[in-house]
Amino acid sequence: MQSIQLNPLGTMNQLSQLEVDLLNQSANGELYKVFRNCCLAVLYSGAEIDNSESIFAPHKDFNINLIIRERGVKIELLNPPELAFVDGVLIKGVHEHLFSVLRDLLHTGAKYSAQSLTFNSDSNYITHSVFDMLRHANAIRNTAELNMVVCWGGHSIGTVEYQYTKEVGYQLGLRELNICTGCGPGAMKGPMKGATIGHAKQRYKTGRYLGLTEPGIIAAEPPNAIVNELVIMPDIEKRLEAFIRLSHAIVIFPGGAGTAEELLYLIGIMLDEHNTQQVLPIILTGPEQSRGYFESLDKFIGATLGQVAQNLYEIVVGDASEVARVIKQKQQAMRDYRKDIGDSYDFNWSLKIATEFQSPFEPSHENMAALNLHFEQPKTELAAALRKAFSGIVAGNVKAEYVKLIEQQGPYQLSGEPLLMEMMDELLESFVTQQRMKLPGSNYVPCYQLTK
Amino acid sequence: MQSIQLNPLGTMNQLSQLEVDLLNQSANGELYKVFRNCCLAVLYSGAEIDNSESIFAPHKDFNINLIIRERGVKIELLNPPELAFVDGVLIKGVHEHLFSVLRDLLHTGAKYSAQSLTFNSDSNYITHSVFDMLRHANAIRNTAELNMVVCWGGHSIGTVEYQYTKEVGYQLGLRELNICTGCGPGAMKGPMKGATIGHAKQRYKTGRYLGLTEPGIIAAEPPNAIVNELVIMPDIEKRLEAFIRLSHAIVIFPGGAGTAEELLYLIGIMLDEHNTQQVLPIILTGPEQSRGYFESLDKFIGATLGQVAQNLYEIVVGDASEVARVIKQKQQAMRDYRKDIGDSYDFNWSLKIATEFQSPFEPSHENMAALNLHFEQPKTELAAALRKAFSGIVAGNVKAEYVKLIEQQGPYQLSGEPLLMEMMDELLESFVTQQRMKLPGSNYVPCYQLTK
Amino acid sequence: MQSIQLNPLGTMNQLSQLEVDLLNQSANGELYKVFRNCCLAVLYSGAEIDNSESIFAPHKDFNINLIIRERGVKIELLNPPELAFVDGVLIKGVHEHLFSVLRDLLHTGAKYSAQSLTFNSDSNYITHSVFDMLRHANAIRNTAELNMVVCWGGHSIGTVEYQYTKEVGYQLGLRELNICTGCGPGAMKGPMKGATIGHAKQRYKTGRYLGLTEPGIIAAEPPNAIVNELVIMPDIEKRLEAFIRLSHAIVIFPGGAGTAEELLYLIGIMLDEHNTQQVLPIILTGPEQSRGYFESLDKFIGATLGQVAQNLYEIVVGDASEVARVIKQKQQAMRDYRKDIGDSYDFNWSLKIATEFQSPFEPSHENMAALNLHFEQPKTELAAALRKAFSGIVAGNVKAEYVKLIEQQGPYQLSGEPLLMEMMDELLESFVTQQRMKLPGSNYVPCYQLTK
Amino acid sequence: MQSIQLNPLGTMNQLSQLEVDLLNQSANGELYKVFRNCCLAVLYSGAEIDNSESIFAPHKDFNINLIIRERGVKIELLNPPELAFVDGVLIKGVHEHLFSVLRDLLHTGAKYSAQSLTFNSDSNYITHSVFDMLRHANAIRNTAELNMVVCWGGHSIGTVEYQYTKEVGYQLGLRELNICTGCGPGAMKGPMKGATIGHAKQRYKTGRYLGLTEPGIIAAEPPNAIVNELVIMPDIEKRLEAFIRLSHAIVIFPGGAGTAEELLYLIGIMLDEHNTQQVLPIILTGPEQSRGYFESLDKFIGATLGQVAQNLYEIVVGDASEVARVIKQKQQAMRDYRKDIGDSYDFNWSLKIATEFQSPFEPSHENMAALNLHFEQPKTELAAALRKAFSGIVAGNVKAEYVKLIEQQGPYQLSGEPLLMEMMDELLESFVTQQRMKLPGSNYVPCYQLTK
């Protein structure tokens, strides 16, 4: 049996014995399996995969242990996959990512265990915990440069769309903007890859390629090869909050249910009356051939959330440098606004996120069926309900736990106002047709049924 | 009224709103006065003073506020002393020190408030808190260089002795060793000053001049001009624990009651049977003219704690480079030992410190009178009792609170075995005669009486 | 007319007035046109082009001036191409490259003008000048890491070969090796691109992507987007000498006449009896589908220069990581050898380069016709003659000056031993068939005729 | 015999074999003795000496060799003085200084040998050579910070004056100004020492302590311990030119003949009508007790060179922070001026230095006797003549060669206008009385006679 021992990196290099003891308890408790699986996914960094089974199946004998010494903690890998090694030595970036998993999942995780956050459902406390996790991961930098561009979009996109995401990344990189994505393949990788070339040409040495993921996602979508900072947030809601509080602009590429969830989450928050003064460029963009995609999405938003929601974003088709220019042009207004109200340049404290966007949504069949999918309710609440619907569909598509649930109990049943149901059906159908639900090659079986 | 606002530095630059709220509560509560006084002392960095009144009296109108904004916290100074400013701008090092006070006293302080540590008198937890405070102050560096030399000795020493401490510092600096002291004048400054020249000659750019102090001491002994890292531990016991867990060697120059306290603390711990394998060079040193001083000290140790205690240290008279050489020669053995037992190179976890050396000693008249000063007890306990006796005398000499107590209730009454009393009397008398109790010029009135 | 003024970067930022005057004289003399053209080519960095006319034709109104001030020199661009700018600001890397052209062509060029080097045909002096130019360009770093891998190969290669060069670059980058190429597209770009990913994964921040070019080549093959150091050597011979004295390994991908020239140059030198002890891994490599290419090349070498020449290199087909491993394995032997003989780790002084490999070869019709292409001569001399033949063909293919000459005087006439002629014919024919002479799409008209 | 081999540092680490050969020839020629002596002096860095004999006499067996290898050059020391070593290893700063000597004396020296500069008495060429030497020594930094303060003053000054120079250095350091001096003890050390504390308090990590010396001076006045950059200019005139072209302010402390020479040189140049627009703060300063000194000096200047000369400087007595404030306040005007006329911020190209201030003055008895010391001549010429007179006296006081000459031929004979002679006599007499000619303890015997 092959065994490799790894010295701690980053903040994991300075732990007290008390902290190491806690870590060890976590690692041996029920979190162990999640920890092992996240580590295994990280060892697959750079691989193009969207199915956790293709990682897990061939590595049933993979194991991971913590080794406790007076000076701190080491990680021991048993039978790790070979692709993470060069001439027998673990790739440095993977080594770092492993300790990011340890840090976020076990160390910070022990501090903010699911339980304590449930009891502490106070909005301020949740935001504090998001900030604290990011700070502990050294993801908040005090640079005052307002240059973090969050890019969302599908993990499964065609070649033309992928090239376009690279081109946008290149144009962002030329303007010394950094990239933050969900850290997987497709639209999560393209902008990072493009940005590396833009950064290199500008001799910009401190390029950040920040991947924000969560335990349920990382195994299905391992970090791409460019990610140089990895943070694993405990659940989808905290991940989304981290995305938008860190962001100085949000670019949305074509995608499937996950991208729709992200957009609805974002719109729901920006529609909050406390946020009307916020400066945050939101750009929906893709190549010429994706024009239709954005038209249907825009139509769906308009029909469900109205013109005011449509006004929040700009659609740019087939013009990568325009995307970057728009973002750059808004920087000064954003700086002025943050300065005026005394907010941080690196974490958007003043953005109001209502509790219903912060509380974890458990996509059980019961909860999915109970979603209030009717027009007659405040727009923010409708946005929240819609985003939960899409969130559930993502879970049913890729999160191992829910995939199993669907196998056992059949597809989610979503019901609501007939017109709304029809519009959702149309949108989802287009995602399926355009192969945005799964990587091409696999045959998509819907995890939901809409009762019109 | 002159008002200056200061932006946060270091870790205080990244606080969550929850943390800022906590900070603000601390600052407005009973800690406020201590905080104000520590800041005032820090504004006197570099001044040669050992009397807090000479700082406090002329600055009754000095005030300090926290200003809370969404992005974090600022410090506002009202009527600060001029000597901390250059052409109207606060000296950068003083600016840093002010935020070190905020960090250690209010931020970390709120976390480890006196109360919680009282309830948590568990030895592991105390050590964890010491480590956590030092780590939070970025005083633990993972350099693996084993080069932190702790220097103890009197704040009030003569010119020849002071020159000698500089010479030792120079020789340490030439060997790329760093200096940690109690951060005030005299023997706390000389080694740092000398080391700057040694470091400069060796082009050693990362020289550390670490000052470890506590709230009760800092006002009487403001940081000297060389200190480039300042940490304020909450009490004398945690300060002493920080000193020895960080140290890779300890040099003891001539001093008064405080130095005696430090030496007895150190010996008491090193005599612990768990620590017999520890590698830690301890050197008592001074110029030729201090030979007598060390002879009396050595005699006192021998008579009270025995030959085994004397074996723990080496006395070097009038040979500064020999001091540095001895330390350098032990580095490899220390590295080997730490590696063997899996201990950290930067924080000596494996050193056992018994609870009686960790628990805060409150030098009330009652506690001082109750000290068990007899020979017939284990050596470590006698060392602990003796160190408490000297600790009380230091408090009665310089800590404002206890100076007042002495004024009200008269000198401490110490009693015990006549022979032991006589030896203590002799030693203390010699400190007085050699003007080690106060800076020359002031007339020393003992704060104790020995009942023989 | 659009005019942009650029501040000096790098060593051009510190010139004396005397040096500025000299520079100005050069810029206004006959060198001006070469200078202008090189700058124009550099403004096209990143563009995929192998035809200088496609750059020059649309920019007849492009002009460049030096602006002289007491503090030094600025560059003024008139009507520069837009693709070098982002929102009106010149890309930083292109800005640097422009001053590299100024530095190498005018500043260093004035020092080592063609004339003085002609008079100074002393071998030591030529090597000194190569070293001096590289040092002045800060291309010699004293890192002692022996990690500079020179990659040669065609600018015009197919997709599969290009992907393979990227894969080799990736494997080199994973092993923290740097890349030096001729700085254009194709096999000059792929290894650099791959290495950026390998370097990123290993968190290797100091990756070097060194482009070595010459005035006659740069316009036809502008620097690719990855090049972060650009050096323009005055002629092909000094460029080749720079390549091999800087290299710690040489990788040869499939290519056309230029690659054949480089390989013959290298073999000719390594066959020198003074160089038998040299440690220098030479690897010919390509994907499985290039197997035939290397077989013909190897056969040609064997037939002309013998088994001893074939022993100098290793052919690796379709195994990118094997290429990197072989190189990594030789590092220690190279270090030992250099140390033993007291040679530098960064510039291979001890390699003997005979005068016939150092003297510039002028590919006039007369010189080409006079080449001694017969078997019966020392192998090193045959290698030298063959490399000159291929060198002339490269000139006739891409260098503007010689392209014109061919148009005027017809193709070069090469004659020699029939068998040798036939072998050359076969090799060149295969280059043509495989589209290695020009980028696909253009129709290749041979610039030579072989008289068999 | 003890032998130590030293690896090259700085630019000496990258030499071509041709350069190494040249170096070796220089080292074995007549320059050898000067080289050896400068190196011996550098090995005494930090020692308080002003007499080269006290260095040379005890080290008759000291020797130095260059060792030539393919990779470059090493220095071999035979029987070096022990004080430069720590536990058998040469102090890093001294190691650097030795290669500064090699660089300036042999390497750059070979380039600008005395002869070629004699033939090349063109003013532009001399300035180019000064710039080139400084650039090669990396003493020109392109920081645009205009913060280099040149401090002149006696090597032999009393404790009160020395403390004052430290205080001025401290105040300069607090304002992030750097220090350049003649690099010896006394007023050449005090400002540097003070500045280290000021820099440390401001966390200014890039403090420069630049010592400019010449071969004839360095042995008598070895670099003090603070100097972290050492440049050895070939003669006194180039050293003076280097001082003022690098300076952004000049502070003149009390001193003897050397200081008078410097002041007269400076005034002579600033009186040039081409320099009337120059912004260059010149401050004569000392403690209260030096008031008389400056009054006599000021009176002498007034009487000889007039009010217009006196207007060039400001006298500040006993107010160290005022000195630093004045300099700081002029920074913006200096920046504006340099920008306006297009001059460099780091080397004052536009300052006109007439040939008579650039040509080396050889203080032979004949040349000294021939000085035109009369009032009726242009002020700049009188200043030039006076500066030569004082230059000669410095040579006769400390430069070994001229000390010997005086012993052989008797004191210099200076004659001129009686009133002027009387004034000089008075001034020189006061230098003698105030012990400014030699370190206290030695008895000064004048090397000159004034014929009134």
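Lettered A, B, C and D in written order, each chain numbered from 1.
Here is the rule we use: a contact is a pair of C-beta atoms (placed from the backbone, for glycine too) under 8 Å apart; a residue touches a chain by one contact, two chains touch by 3 or more.
Keep in mind that this is a model prediction, so the values were computed, not measured.
The chains in contact with chain B and with chain C alike are A, D.
In whole angstrom, the spacing between the mean C-alpha positions of chain B and chain D is 44. Measuring from the averaged C-alpha position of chain A to that of chain B gives a distance of 48 Å.
Mean C-alpha positions place chain A and chain D at a centre distance of 64 Å.
Within chain D, contacts with two or more other chains are made by no residue at all. Across the whole structure, chains are in contact as follows: A-B, A-C, B-D, C-D.
Against chain C, the residues of chain A that register as touching in their complex are 45-46, 86-87, 91-94, 96, 174-175, 196-197, 200-205, 225-226, 228, 325, 328. Of all residues in chain A, only 13-14, 16-19, 69-72, 124-125, 127-128, 131-132, 135, 140, 142, 338, 341-345, 349-350 touch chain B in the complex they form.
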